[in-house]
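Some structures are shown below for you to check.
In what comes next, subunit A is part of two complexes: it sits with subunit B in the first one and with subunit C in the second one.
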Partner chain A sequence: MTLMDALPTPRLRWEGRHPNIVLVSFSCIMLAAFWVFDVVSMAPNRIVLGTGHGALEAFGWPGALLVTLLLACIGILAWQPSHRHYRALLAAVVFIMALMPVGLMASSYLLIDPELPQARLGIGAAYWLVLFVLLLCLVELRLRLNLTRIWPTLLLCGVALVWWLCAAFGLGALALVQEFRARDQQFLSAVGQHIKLVSIAVSVSIVLGLALAMLMRRYARLQKGAFAVLNFLQTIPSLALFGLLLAPLAWLAANVPFLGQLGVSGIGTTPALIALIAYSLLPIVRNTYTALEQVSPDTLEAAKGMGMRAGQRFWQVRLPLALPVLLEGVRITTVQAVGLTAVAALIGAGGLGTFIFQGLGQAAMDMVLLGALPILMMALVVDAGLGALAEALRPGGTR
Partner chain B sequence: MIELSHVSKRFGDEAAVDDISLQVPKGKFCALVGTSGCGKSTTLRMINRLIEHSEGDIILDGQAIDAYDPVKLRRRIGYVIQHTGLFPHWTVARNIGLVPRLLKWSATDVQYRVAELMHLLGLPVDEFGHKYPHQLSGGQAQRVGVARALAADPDILLMDEPFGALDPITREKLQDELAKLQARLHKTVVFVTHDMDEALKLADHLVVMRKGQIVQQGSPLALLQNPSDPFVESMLGGLERGLKQAALTRVKDHMTSMGPTLPAQSRIPGVFSLRQALSMMLRDHCDRLTVVDQHDMPVGELSLRRIIKEAQLDNGNTRE
Partner chain C sequence: METRVNNSLSVAQPHTKAPQWLWPLMWGALLLGSVTVMSAAEPLFRWIEPDARQVIYERTELYVLLGRHLFVVGIAAVVTIIVGVAAGIAVTRRWGSDFLPLVAQLASLGQTFPPVAVLALAVPVLGFGTLPIIVALMLYGLLPIVRNTLAGLQGVEDDIKTAAHAMGMTPRQILRQVELPLAAPVILAGIRTSVTINIATAALGATVGASNLGDPIISGIVNGNMAYVAQGALTIALLALTIDSLFEVLQRQLRTCFSAS
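Coming up: the complex of A and B.
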C-alpha cells in the first residue's frame, strides 16, 4: 500500500451535477420579463385605458431588488442542483407565488392616489408571465422530485388561499376585485351554473358513453359507425354546434308542448347540454372502449378457465383493470367540458362564460379575467383530482 | 380418467385437431408434445371447454363433457397457463383463493387452504400473501399459478406450457418440484409443452402430435426405444436419443453385484440415471463405477460394457 492510497480521495463538491437548463432559463425569462414589461397598470377609472408601470415604479427600489434576488435565486439553486436544492427550489417557487399578491398590495399603496376612489390597479404583462413561468417551474420540480400529482395541487391551494385573503382584505384597488365586488352575487350564481352544466353533461355522457362502449364491444359493426359519428361531431366548431341546435330545438319546443314544459328551448340550458354531451362522448367512449379492450387476454383466459361466469369476469377482472384508463377518459372529458361550457354562455346557458363575453363586449379585460380565471382554476382542480384518483386506483398499487 | 375418442376441431375448413383418440388414466401424467401449431393447446383447451370440439367424444369420469355446465366443469379442473394469467389487481393470497371462493367456501376455509397451498409450494404466506403479481419473479408467479390451479383440490390438472416463459434454471427447478408434487398428489395431468426433455422428465404417457394428428403415443421409454417415424425421432433429439433414454433409466436397475476385482474409484448413487453414469465415466476417464446407496455404502458396480449391453437388450425386446 502506498501513501497515496491511504489518503482520502479528494472529492469535488459538485461532481457529476449538471445545471438544470430548464429552470435556469426559466429564471432568466422571469428576470427579463420583470424588468422589461409592465408590472402593473393604473387607471383613474373603469373606462380610461390604464398606464403601465415598470418594476421600479411599482415596488420601489427595495421591492424590485428583493424580487430580482428571489428570481435570480431560482437560477442559482438550479445551477448545481441536488435533491435538497430541488426542495429549496420548490419552497422558493411557492413562496414567490404567495408573495405576489403582497407585491400588488405594495404597488397599490405606492401608485394609487387616495383622492381618486375610482382608481384601479391592473395586473401587468410581467406579472402574468412570471406567474405562468412559476407554474411551469412547479411542473418541472414535480417531475424532478418525483411527487404525485396531489402535492402541487395542495401547494397551489395554499397559494390560492393567500391570494384570496389578500384580495379580500388589502387589494380593494385591484381592478379584478372591483369587478367582482360590483357583481358578487352574479359571480357566485355563475360559478354554480357552470359547475351544474359541467357535472350534468359529464355524468350523462359517462352513462351514455359506458353504454355505447359496451354495445360496441358486443356488436363489432357498430364500432366503426359510432366512432365515425363521434369523430365527426368533434370536428364541428363548438360555436357552430350551438347555432345548429337552435332551430330544431326551437321547433320542437313550439310543436311538442310536453318538451316545452320540460324546459326545452332553442336557447338556454338544453342546447348547451346537448352540445356538451355530444363533445364529451368521444373521449369517454374512446377511452372506455380501449380500456376494456386492452385488458390482457391471458388474464381473461385464465379467468374463464378458472370457471368465472361472464358477469364475474366483467365486474371482478375486466372493469377493475380498465378503471385507470377509463378514469383518464373522464378526466379529459371533464377538463374539456369545463372549457367548452364557457362558450355555452353565448346561447344564454349562463355560467362563467357570461363574464367573458360581457367583458369582451365592453372591452373590459378585467371582467374577462373574472370569468376566465375561475374556469382555469376549475380545470386545474378537476385535472389534479381525477388524475390523483386514477393513480390511486392503479391495479395492485403499481405506480 | 380422461378419454378422447375420435375428437376433431375444425375452424372453417381447417382442421386444427384431426381425429385424435387418447386415454389418460386417473393419477397419470400425460404430456402432449409437438411443434407450434400442431393442435396440442387446442386439444388441451377442448377438455375444459374453452374451445368446443366439433366431432368425437371427450369423456370425463364416465360422462361426456357436453353434459356438464362449462363453468362448473372448469371449476373442478385446475388450469395453468404460460404467462400465469394471475390477476394483477389481486394479491397472491386472493389469486390463489379464487376457485374456492367461486365455489362458495367459507372465508376461514379459503384462508386455511391458501396457507396450506402456499406452504406446499414454498411461498411463505407472511412474506408473499399480501404481495401483488408484479412484485414476484417469474418462477414465484408460476408457483402461484400452480397453487391457484390446485386450490379447490381438483382431480384433473391442465397445464399449457406452464414453464415455457421461464429461464432454464428456474424451469428445471419447477419441473423437479412438479414431479415431487405429482408423486404426492397423484392428479390426472395433461401437460402441453414443446420441450421434449421436459416431457420425457415428467410424463408417464407421451403423445407426439403433428398437424392436428397424433403421430405416436406411449411411455417415454417405449417412444425412445422405438420411434415410429423420422419426425418422432427428430422430436426425440435424433442422435441425442440414446442419452435421453439413458437419462430415464436408473443406475441401480442395471448394476451388477460387486465383482472379484478392486472396486472402481468413482462412486455413483444408485438413484442417479445412466446418463449421469456415462457423464461421470467421460469425466473420470474410466469404464467402471462403484454404485453406492444413500449412506455411501457400495452396493454394486456398473461398467460401460454393461450399459451398452442393457441398451441393446432393451431395444431388442421392444422390437420383438
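Coming up: the complex of A and C.
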C-alpha cells in the first residue's frame, strides 16, 4: 500500500460517465453569443459603418431555430459522453462549420436590397465567436478521441473547401469577398511574396544556425558569447530592428555602388530579410545545440564500439536522434517568421502585412481581415504541418 | 518550514550582491537619458539625416510616450498575470481538471498567433485607439504565462505534495506554501517572456492610433526620416533591455533564495 492510499482522499464524484463540462459550457457560450451579439452587419457601401443585425433578422425564425437546435445538440450529446457520442459530436461540429457560409448566404438574401449594388455584408461578432469556440471544440474532441493531428487538419481542409466554393459562387455580397475581388491579383502576389520571404529567411537561418551550433560544439568559449548576442537580438522589438536597419543599409546602398546594384537598399526586401534572419537564428541555434547535446553518450559509445567512424556516428546516430528537437526549432522559427514578415510590410517588403497596414490606414476593416486571416491560417498550417513531421520522425518507442 | 518558504518569496534580500543590479541600472540610466536629453544628440541625428527639416521628434515629448507605453504594457501585464496564473491554478485543481487537456493544448500553441494578426483582428471589434492594443497584448501575453504556470505546477513532485498532505496541510495551504513557491521560478520565466514580447508588440499600436513609443518609428518610416526611426527604435530597445535585465535579476534572486534555504 502506498502512502497516498493510506490517506483519506475525497471520493471521485461520478464513476464512469460524467458530463463533459467543457463541451457543455462551450455549447452554452455559443448559444449566448448567437442570441446576444450581432450575427451580421450590413453597410450600404464601403465607407459607411455597417448596422448590426441579430439572429432573428439575419436568419429569420426557421434559420435561427435550426442553429439553436444544432448548438444545443452539442451540449446534449456532451451530457452523457460515450465514444459514439464523441464521434457524433465531431460530425456535428464539422457540419455546423460547413453550414456557416450557407447561413451568410441566407442573410444576404434576407437583408441585402438588390437595388443597392454596393451593399455589403459584414461578419458579426457572434459569427467569429461561434467559429472560435467551434475550433476549441474540435481541439477538445481531438484530445478526447485520441486522434492524431492529421485528422482535424484534413477535416478543416474539407470545411475550408466548402467555404471557398460558397464564397466563389454564392457570397458576392460578403465584404471580404468584395475586397478580394477588387484586388485578387495583388492578393495572390502578396501571398507569394510572404511565402518567399519566410522561406528564404528560414532556410538561410537554418544553414547559418546549423553552422553556428556546430562551431559552438567545437569551441566551447564561443557558446556563451553567441547565446548572449542572440538573446540580446531577440529582446529588441521587431519594429525597432526593422527601423534601425533602414539607416545603415540606406547609407551602404548610397556609398557602395556595388551593393546598391545587388539590390541592397534602406527600404524593401533586404532590411526585412536581415531582420528576419537575425530573429530566426536564436530559436534555431538553441534547439540545434540542445538537440545535438542531449543525445545520450551511451548510444554514441555503443556506436563507437560497433566500429563507426566519427563522421558515421554524426550522420547515422547523432543527427537522426536529434532531428525531432531540431525540427521543433524550425517550427518555432517558421511560425515566428510568418508573423514578423507581416511587420516587414511597414518598411516596404510587401507580403500580406501590406493589406493590414493599408486597411488600417484607410479604416477599411475588411481589407485588414483580408491580410490578417491568411497570416493566421498560414501560421496554424505551418505549426500543424511541422509539428506532425516532428512527431512522425520521432524514433519509435520514445513517445 | 512555513517561515522559510515565506522568506524565499520576499524579493529584497539583505545579502544581495551589487553587480546584479549593474545591468538594469545601466540600461535604465541610458533609457532615462535618452528620453530626456535626446535633443543633445542633434548633431548625430543631423549627420544621419542631413536634408531633413527637423531631426528631433518633437510632436510629443519622448518621456510622455514612454509613460504611455509603460501604462499600456503594465495594464496588460497585470491582467494577464492575474488571469493566466488563476487559469493555470484552476485547471490543475481537481474541480477544474476537465479543462486541463484543452488548456494545456491551447497553451502549447503559444506564440502561434502572430501579434500583428491578433492586433489586426482586435481593431474591427474594438475600434481604433488604446483599447484594441491593450486587448491584443492581453490575448497575446496570456499563453506564455498559462503555459509556464501549468509547467511549474505540474513539475512539483507528487511526493512533496503527499508529504505536505500528510503533515495535515489543507489543499489551500499546499497550494500557497508548497506548490506556488516551488513553481515560482518557472512562472516568473513565463511572465518575463510575456512582458518582453509585449513591450515590442505595443509599438505596433502606433499603427492603430494608440500613441506610444512606436509613434516616432511609424512617423519616420512614413516621412522617410531615419532620425525619427532611430530615436523611437533606440528608446524601445533600451526599455526592453531594462525590463528584461530587471527580470533577470529577479529570477536570479529567486534562485539564490532557493539554494540558500
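Everything that follows uses one rule, which is that the second predicted complex is superposed on the first by the 381 of 399 C-alpha atoms of A that agree within 3 Å, B and C clash if a C-alpha of one lies under 4 Å from a C-alpha of the other, contacts with A are read in each partner's own complex, and residues count from 1 in each chain.
Following the convention adopted for this analysis, a contact is a pair of C-beta atoms (placed from the backbone, for glycine too) under 8 Å apart; a residue touches a chain by one contact, two chains touch by 3 or more.
Since this is a predicted model, take the numbers as computed values, not measurements.
K.L.:
Under the superposition described at the top, does placing subunit B and subunit C together on subunit A give a clash or a fit?
P.N.:
fit
K.L.:
Should A:20 be classified as contacting the first partner (subunit B), the second (subunit C), both, or neither?
P.N.:
A:20 contacts subunit C only, not subunit B.
K.L.:
Using the touch definition from the top, say if A:39 reaches subunit B (first), subunit C (second), both or neither.
P.N.:
Touch partners of A:39: none, neither subunit B nor subunit C.
K.L.:
Name the contact category of A:167: first (subunit B only), second (subunit C only), both, or neither.
P.N.:
neither
K.L.:
Applying the document's definition of touch, where does A:226 land relative to subunit B and subunit C: first, second, both, or neither?
P.N.:
Once the two structures are laid over each other on A, A:226 reaches no partner at all.
K.L.:
Name the contact category of A:143: first (subunit B only), second (subunit C only), both, or neither.
P.N.:
second
K.L.:
Applying the document's definition of touch, where does A:201 land relative to subunit B and subunit C: first, second, both, or neither?
P.N.:
In the superposition, A:201 touches no partner, neither subunit B nor subunit C.
K.L.:
Quick check on the superposed pair: does A:239 touch subunit B, subunit C, both, or neither? Answer first, second, both or neither.
P.N.:
Touch partner of A:239: subunit C, not subunit B.
K.L.:
More residues of subunit A are touched by which partner: subunit B or subunit C?
P.N.:
Between subunit B and subunit C, the winner on subunit A residue contacts is C.
K.L.:
To be precise, I mean the smallest distance between any C-alpha of subunit B and any C-alpha of subunit C in the superposed model; what is it in Å?
P.N.:
24
K.L.:
Of all residues in subunit B, which touch subunit A in the complex?
P.N.:
48, 50, 71-75, 79, 81-91, 98-99, 102, 132-134, 148, 158
K.L.:
Of all residues in subunit A, which touch subunit B in the complex?
P.N.:
Touch residues, subunit A against subunit B: 296, 298-299, 301-309, 312, 317, 320-321, 395-398.
K.L.:
In the complex, go through subunit C and note every residue touching subunit A.
P.N.:
It comes out as residues 48, 94, 98-99, 101-102, 105-106, 109, 111-117, 120-121, 123-125, 128, 158, 162, 165-166, 196, 199-201, 203-204, 207-208, 214, 217-218, 220-221, 226, 229-230, 232-234, 236-237, 240-241, 244.
K.L.:
Please give the residue numbers of subunit A that touch subunit C in the complex, ascending.
P.N.:
So the residues of subunit A touching subunit C come out as 3-4, 7, 10, 20-22, 125, 128, 136, 139-140, 143-144, 232, 235-241, 243-244, 246-247, 250, 266, 332, 335-336, 338-340, 342-343, 346-347, 353, 356-357, 359-360, 363, 365, 368-369, 371-373, 375-376, 379-380, 383.
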